[in-house]
Amino acid sequence: MMPIVQVQLFEGRSLEMKRKLVSEMTKVICDVLEVSPDVVRIILNEMSRENFAIAGTLVSERK
Amino acid sequence: MMPIVQVQLFEGRSLEMKRKLVSEMTKVICDVLEVSPDVVRIILNEMSRENFAIAGTLVSERK
Amino acid sequence: MMPIVQVQLFEGRSLEMKRKLVSEMTKVICDVLEVSPDVVRIILNEMSRENFAIAGTLVSERK
Amino acid sequence: MMPIVQVQLFEGRSLEMKRKLVSEMTKVICDVLEVSPDVVRIILNEMSRENFAIAGTLVSERK
Amino acid sequence: MMPIVQVQLFEGRSLEMKRKLVSEMTKVICDVLEVSPDVVRIILNEMSRENFAIAGTLVSERK
Amino acid sequence: MMPIVQVQLFEGRSLEMKRKLVSEMTKVICDVLEVSPDVVRIILNEMSRENFAIAGTLVSERK
């Protein structure tokens, strides 16, 4: 039902990292919000460093 | 103008399905909200089963 | 499971309109994508005309 | 820098719950993705049960 | 048509600031992307400091 | 810190355009909202013309 979580992260994380991330985030959410795991949905949005900017500079161009 | 609709769906739908989806969703929106079709925008976000989790498990790993 | 739909619309729609909108959008989505209704989630984001701009002008200020 | 996390949840959670949620989610993210805490941003979007539908029915109207 | 821009900002900005923000952002977008102003849509999402966290701490609680 | 900006645009823009877009948008945001550049984050979401519809028609199919 709820909550729905969206994570914007840089591309290139291993399947193992993703697996662990959604599993542990779901545990935390269920503990704190007192909901059952099956209502938790997590969407991972992978993005290129060329598509994210901080302070006006694309991350792909920093340093 | 409005509304702007965003649909998160699994990748791999045919062009024909997408075409039909946006056409029929737009019809429903115009009927119910009494707006004209040209103010309706629909964004389709296709995602991998490796990037979506339910109950703490990536969909690509279920079963 | 999927799809997750987000609709940005102006505030002030009646409960009846919202009820009809989510019901008919869900029907269309199930028909076209061949999914069962219980995997469809729709989020309505209501917004003020002061928080939406077209062509550089807030909608609250147009005309 | 990254990641940026957005959590859609029903309105009405206490400040204490929000505080704990962002603190523990950040810890998990840092552990799994091996990033430092100051690059993690979390946005909470609270929504009314009248603005979320499952299976074509607004949550405010279920049962 | 495109682009659609979404700005997450803290609540409490004056109407004058919003007006200027959307007007100048639209100008920049049209200049750089070579699109006409009427295809640019900007959505402002105002949020409470209680709903945004950095480094695991809600902004409302910092300092 | 804030604001976080998300730009949905068609794929195929050059790196130079993206670089200029984020740099000039950040300048405008800092000027108008009176924030320092390092709190501004911009996410570019590139999308296919097959995944965006106006008035019920995918942009890839228009005219």
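Order of writing sets the labels: A, B, C, D, E and F. Residues in every chain begin at 1.
Rule of thumb we're sticking to: a residue touches a chain if its C-beta (ideal position, glycine included) is under 8 Å from a C-beta of that chain, and two chains touch if they have at least 3 such contacts.
The model shown is predicted, which means the values in this text are computed figures rather than measured ones.
The contact pattern of C-E recurs in D-E, the pair among B-E, D-E or D-F where over half of the contact pairs coincide by residue number.
Shared residue numbers account for over half of those found at the interface formed by chain E and chain F, and the copies are therefore classed as meeting with the same residues.
A count of contacting C-beta pairs for B-E and for A-B identifies A-B as the more extensively joined pair.
Separating the CA-averaged centres of chain B and chain D is a span of 22 Å. The mean-CA centres of chain A and chain D are about 11 angstrom from one another, to the nearest whole unit. Remark: chain A and chain C have CA centroids separated by 24 Å (rounded to whole angstrom). Among the residues of chain F, those in touch with two or more other chains are 4, 8, 25, 41, 43, 52, 54. Taken together, the chains touch in the following pairs: A-B, A-C, A-D, A-F, B-C, B-E, B-F, C-D, C-E, D-E, D-F, E-F. The residues of chain A lying in touch with chain D in their complex are 1-10, 13, 17, 20-21, 24-25, 28-29, 31-33, 52, 54, 59. The touching residues of chain D, counted against chain E in their complex, run 15, 18-19, 22-23, 25-27, 37-38, 40-46. If you check the complex, the residues on chain D that touch chain F are 4, 41, 43. By the touch criterion stated above, chain D contacts chain C in their complex at residues 8, 47, 50-58, 61.
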